[in-house]
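In what follows, subunit A forms one complex with subunit B and a second complex with subunit C.
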Partner chain A sequence: MRRLATLLGLAALPLAVLGVFFVLPVAGMVGRGVWPDGVFDPGAVLDVLTRPRVHRVLWFTLWSASVATVVSVALGLPAAYVLHRLRFPGRGLVRGLLLVPFVLPTVVVGVAFRQLLREGGLLGGLGLDGTPTGIVCALVFFNVAVVIRTVGATWEGLDRRPAEAAAALGAGPVTVFRTVTLPALRPAVVSAASVVFLFCATAFGVVLTLGGSRYSSVETEIYLLTTELLDLPAAAALSVLQLVVVVALLVVAGRARRTPDAQVQRSTARAQPVRRRDLPQVAVTVVLLAAVATPVVALVVGSLRRDGAWTLDSYRALGGRGGEPGDPTLVVPVTEALLNSLRIAVDATWMSLLLGGLVAVVVTRRSRGRAERRLRGALDGFFMLPLGVSAVTLGFGFLITLDSPPLDLRSSPLLVPLAQALVALPLVVRTLVPVLAGLDDRQRQAAASLGAGPLRAFATVDLPATWRPLLAAAGFAFAVSLGEFGATSFLVRDDAPTMPVVIFRLIGRPGAGDYGAALAASVVLAATTALVMLAVERLRVPALGAW
Partner chain B sequence: MLRLDHVDVDYDGVPAVVDATVEVPDGSVVAVLGPSGCGKSTLLRAVAGLERPRAGTISWDGVDLGGTPTHKRGFALMFQEGQLFGHLTVARNVGYALRLRRPRRRAADAERVASLLGLVGLEGYADRLPATLSGGERQRVALARSLAADPRLLLLDEPLSALDAGLRERLAGDLHDILRAAGTTTLVVTHDQEEAFALADRLVVMRDGRIVQQGDIADVWARPADAATALFLGYARVLEGRAAALVLDAAGLPGAPAVAVRRSALTLAPTGVLRGVVRSARATPDHLRLVVAVDGAGDLDAVAGPGTHAGPGDEVGLAVDAARVAAVTAADAR
Partner chain C sequence: MRHVWRAVATAAVVSATVTSCSLTAREDDGSGAGSGAASTPSSVTTSDGSGKVVLVVHDSFALPDDLVASFEKANDIDLEIRQSGDAGELTNKLVLTQGDPIGDVSFGVDNAFASRALDADVFAPADVTLPAGAEAYELAGDDERALVPVDNGNVCVNVDDTYFTDKGIDPPQTFEDLTDPAYKGLFVTESAAASSPGLAFLLATIAEYGDDWPAYWERLMANDTRIASSWTDAYQVDFTQGGGNGDKPIVTSYDSSPAFTVAKGSDTSTTSALLDTCFLQVEYAGVLTGAANPEGAKKVLEWLVSPEVQAALPDSMYVFPVADGVALPEAWATFAQRPTDPKAVDPAEVADRRDEWLQEWTDITTR
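Right after this comes the complex of A and B.
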């Protein structure tokens, strides 16, 4: 009984926060759609699902996410091998570089791809601007890092001996891979693929900046329906549909990785020098590196050129407000937006660390008995929910439910960081959980049997193992917050916008000067996040490896 | 004195320990011996307060420990793999329990750590990290760390099982001496009868969650409760019926339904009462090991001195060493 009380006590704060700032807004948003004008009318919602445009949106979401997932896995597997099983100079740097896209703000990626593919851009000749192919490329650009990290961490810890045994029995390299290595990697591949699919299917900023209104995914459609068409029943219907699909996907992914986490019996295999037969994998990695670098290069080059000449004008413009005098689009200089972003990110980081830390502790404690294990499992799933809910739904839900006492929080400076903290929460939890779960519970028991109370045992056993992952999680949360666009675009006050919001406003305006400023602002934001991520990479935490 | 009174422990709804009643008198070393999965570790964890009994009481000097959490019991538990804290040096691991005390007495603590390291034979290891130690050294550090807590009761979970054979034998002797020198009341669980015999005064034999026999170690050894216990205690065979009667008679012991026979209980002796034909012979450094088809008793193990020449087909006589057989009253359980 006392154990259950402790469990619920620790879970109380995250539960309350998630209840008020997640369940309530999302339920409010859904309710607004299902009860238009206070009358229960699910018919309108069902009608939405029969619209041809909705069918097109669903189909586009499904196939673009599927193709992007397949391509990401196909490119990520060889790269994971090269970066985690082979030894060569500069390996750490390449790993860091390939991780950067994952945390680049979606708006920045959108802008970079547009700059790359538009007429007169580096790859403008391919005619991919505004096409589905362009969107899929951008999605792959983002998510290849997830595959590399997730599969790479497992691959690195894979015992070499079964493969050697198979080789000694006469299996060639391909057979060894097919019969020994791939089955061992399968849980990691499946979990990476499902996460990538999830990210692709709920991508917002990229699709919005690249697809415009022609190509819309469920997530951008919710945004358009809510903000431009004011069709709340339709938006609610799509939100519910998305929630159901994502939860189902999470459950399936959870089943697929029912094998014990690689963390527990990790034995990092010694990396091998590159040999001739590794050439295909190395070639794929080099191509991947080039493909990842190209949009970034296009972005940087674009920000440094104006009217066919090299110039820093775009960066100088960041201090001003851009546009014509009296144009209300930009109320503050970009530099001030950057400061806003940083301030908000600090708040979002401590919030998500506090919540995520508590959640991770709660779900990893060893359970006694089935009921307790079920309860912990349910809590674990509950705290993953923000992963499945459209950030747009969340943001709009905030607006419509937190607008009246006692929850009139619309003008609170903590609203934006709180929404971003919820978006970052699953990432923080997934970074901490494998580490805490990988700790032998008998260490805590040993401390207890020597006379240490629960807090002291925590300080002795858990803290020394978790400070690095905690820092890494802080880095992730910070980066997520810097780039968060979906929820923020609803909540941010016009006079205190964040960087992604300002960038989106800038590219929406016609002037060449504004476009240049958008590129320059994107470079600044990307550089900031990349710095944070390279610092995280130095911590050498196998994060992202535990989805 | 630790006392378990009709204790039942369930593990995930499945009974792991059933109706266990055990006493551990002050200053004694009691070994719980049983095959893996018999519930002995669960019993130990219940005593440590890591599992909650479904029924029965666990008490110390008559005080029920039911509401006392692990860290307030004053029982130090030493795990099979030591479970040293990897980020702390040997000295800080050993001094862990001392640092939990208020007020701190730094000088006295340092002295105590040094003397404990001396006790376990690891002087000069104070500043090493656990990762740099061998398995045996780690177990010694874990033992010193447990003793540093000045526990009312020391709980050892398979303390030597993770070590290789030679080291295990050596460390078992050391552990015996250290426990006697420290005078610590100890409950040890193990599946290895040699470990139990090397360490304990009293033996509790467990099987399938139940205690099948307990008593002074020599008593249990001499009078196993049933055939399965006898086999687990290291007897080679349990004979029943006519074979048992023949062997007991040859040993000059009173009749019993069954008799447990050690491998070396029957020796080759030209004047032996039992007669038979050698079926096979195998040489070992100590003995010539024989299997003999004994008239009226079937195949039995026997040994002969290394110089003896006995081959298959030879007719031989066998003598029975009464100290190496044990009458078993309950013949079942096989």
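Right after this comes the complex of A and C.
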């Protein structure tokens, strides 16, 4: 009984937050679709599901997200090895830079990608403009960092002795990887893959820009149905469909995550210098880096050129508000938007770490009995849901449900960091859970039998092991917050806009000045993120002692 | 174990400092930025309309600061401006929050979406005297006169004149020219389903060809027309005179766009609008049904059609005023030519048939 009370006590805060800021708004929007004009009419919703266009959209979403996930994992695994197990100069810098795509506003990346891929662009010869392959490339560009960081954090803490033992017994490198390393990494790989799949399946800006009107995903379709056509039954049908797919995926992923031997021995393996046999992995990493860098470099070059000459004008414009003198495009200077973004990101980070930390602790505690295990499993899945639901549905849901006391929050400034924290929450949970789950519960029991209270046991057993993943999660949450556009654009106040919102406004205007400023602002946002990530890398405590 | 605790303590101190920084800083910001010029307590509203007024607008809204400040001062109003997506998104937000509005007054619903808002009783009639010339832009079918016309502009096909001069061919002139093989693969337009200028161009072709418009679009697609997702995508990436130096010299944009492609030190624009391909867009403002401060909202409406705001519209929002006798900026008078007879479709017909048209348009363009 007391165990159950503790469990619910820990879960209460995250549950309440998710209930008010996720379940309520989404239910409100879906309700408008199922009860048009106040009359229950699910027929219209079911009718939508028979439209051929809906089938096409659903198929494209599943296809593009699956391919992008497979490619991200295939490229991300070798890179995670190189960046987290090997030692070479500039490693921290590369790790920080790899997170840059993750925060670039999708509207800018869409433009950068199209400039590379269109006929006459640098990569125009590949003929990828407007093709599904182009969309998949962009999705991988955004998400490969998730695989690298999630898997890398686990790989780093993996005891290398079992692998060495296997090698000493005559296993070749491939066999060692297949039979020793991969099983130990599997929870982290499945975690990363499911998060990447959800990100890809709900990608919005990229698909809208690169897909033109030919290719649309469930997410872009919901956007069009809600914002342009006001076809709420159809939007509700697709939102429900999204939820169903997400839940199905989570069930499958939950099964796959369960490993026969969850208690992985953790130690702090020292990073090794690069050896000859690491060359294939290093080669993949270099190619990946080059591929990720190309759009970013194109962006930087674009921000430095105007009227065919090199200039810093676009950067000088960031102190101002764009547009013409006396007639600005923006309400505040770009520099102030950057400060807003940083402040909001700090708040979003602690919120998501607090909520995500509680969730991770709750779902990884060893269960007694099947019911309790089921309950924890359900909680685990529940907190992944925000990733799988359209930001448009959520945003419109906020408008129609959070409008009366005690929840009159439509214009509360706290909504922005909170919404971003919800978006980052699944990432935080997925980064922490594999590590916490890999801890041998006997260590906690040992601590308890030596007289340590629950807090003390947490501090001496759980915390040392989760320290690095916690930092990784903080970095992720910060990056997500800096780059989040969908939900933010709905909630942000004009006098305190964030960088992506400002960039969106600037690039939506004619005139070379605002276009250049938008590119320059994107570069600044990317550089800021890279700096923050580098600082996080520096903060890493060195050795935690062997135990 | 000790260094673990040291690390934990450091992290705690760092995060606590940063966090408290953040929260306090933001509160300071809130009170500082929101105050504008008026110092009136914002929650108190009085019968004369003073106090706080929330103006909900589309993303392209902009007016000079000093204009806003002097309006606030003269009327003892604290004007809070909230941007809420493009015209379509704004309209749908207003429809969904009808009766419990997200503000007091709204600007930015255009003639393509106005009947949807009127059907849902989003706007309440407010007896505002229109300036001379504005009546011509009133919405047909708005019998209660709930919508006040504020500005207008035309969506027109734009061409890059330098491109055609260099190639030694004449630029296209008409809708029909766009299907001419001489211009194969040179035209980019926006998605009618996702973009307001895209929808306007589709409506222009419907006005021109009537029920035969699908055949025209089939010819247009056969001539390798590119459909971009947004104005940004079309103009800034594909258009030869846009920011990205694209490869399509014909684009759907506005009649005011040529005023922005005048190179430094030059007295000619590198682009021009095809005046036979234009569709008139009128943007409206109105008091929202259930507004907390309807008197203040009405003052905002009167302000939007006042000579000062009307004169500021071209430079701020790239649109033309509805009032007669307002002087245009110099570049506009020279480069932004206006069509004498823009295309138009009856708003009621747009409301009735838009979904059907968009469905058919999507079928043709994604075939």
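By our rule, the second predicted complex is superposed on the first by the 354 of 547 C-alpha atoms of A that agree within 3 Å, B and C clash if a C-alpha of one lies under 4 Å from a C-alpha of the other, contacts with A are read in each partner's own complex, and residues count from 1 in each chain.
As a convention for this text, a contact is a pair of C-beta atoms (placed from the backbone, for glycine too) under 8 Å apart; a residue touches a chain by one contact, two chains touch by 3 or more.
Everything quoted here is computed from the prediction, not taken from an experiment.
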- Message: Just to be sure I read the superposition right, which of the two partners does A:Glu228 touch: subunit B = first, subunit C = second, or both, or neither?
- Response: second
- Query: Touch check for A:Tyr81: first (subunit B), second (subunit C), both, or neither?
  - Reply: neither
- Query: Does subunit A have more residues touched by subunit B or by subunit C?
  - Reply: C
- Query: So, A:Pro464: does it touch subunit B (first), subunit C (second), both, or neither?
  - Reply: both
- Message: So in the superposed three-chain picture, is A:Gln445 touching just subunit B, just subunit C, both, or none of them (first/second/both/neither)?
- Response: first
- After lining up the shared chain so the two structures overlap, which partner does A:Phe142 touch, if you call subunit B first and subunit C second: first, second, both or neither? neither
- Message: With both complexes overlaid on chain A, does A:Arg370 touch subunit B (first), subunit C (second), both or neither?
- Response: first
- Message: A:Gly110 in the overlay: touching subunit B, subunit C, both, or neither? Say first, second, both or neither.
- Response: second
- Mind sorting out which residues of subunit A both subunit B and subunit C touch, each in its own complex? 460, 464
- Query: Can you name the residues of subunit C that touch subunit A in the complex?
  - Reply: 1, 3-4, 7-8, 11, 15, 18-19, 21-23, 25-26, 29-30, 33-34, 59-60, 62, 64-65, 81-83, 85-86, 88-89, 91-93, 95-97, 100, 102, 116, 191, 193-194, 226-233, 235-238, 242-244, 246-247, 253, 257, 260-261, 263-264, 312, 315-316, 318, 355, 358, 362, 365-366
- Going by the contact rule at the top, pick out the subunit B residues touching subunit A in the complex. 12-13, 48-52, 69-79, 83, 85, 87, 96-97, 100, 145-146, 148-149, 155
- Complex interface listing, subunit A residues touching subunit B: 368-370, 440, 442-443, 445-454, 456-457, 460-461, 464
- For the complex, which residues does subunit A have touching subunit C? 32, 53, 107, 110-111, 114-115, 118-120, 208-209, 211-214, 224, 226-231, 302, 307, 323-324, 326-329, 331-332, 340, 343-344, 346-347, 350, 396, 399-400, 403-404, 410-411, 413, 459-460, 463-464, 467, 489, 493-496, 505, 507-508, 510-512, 515-516, 539, 541, 544-545
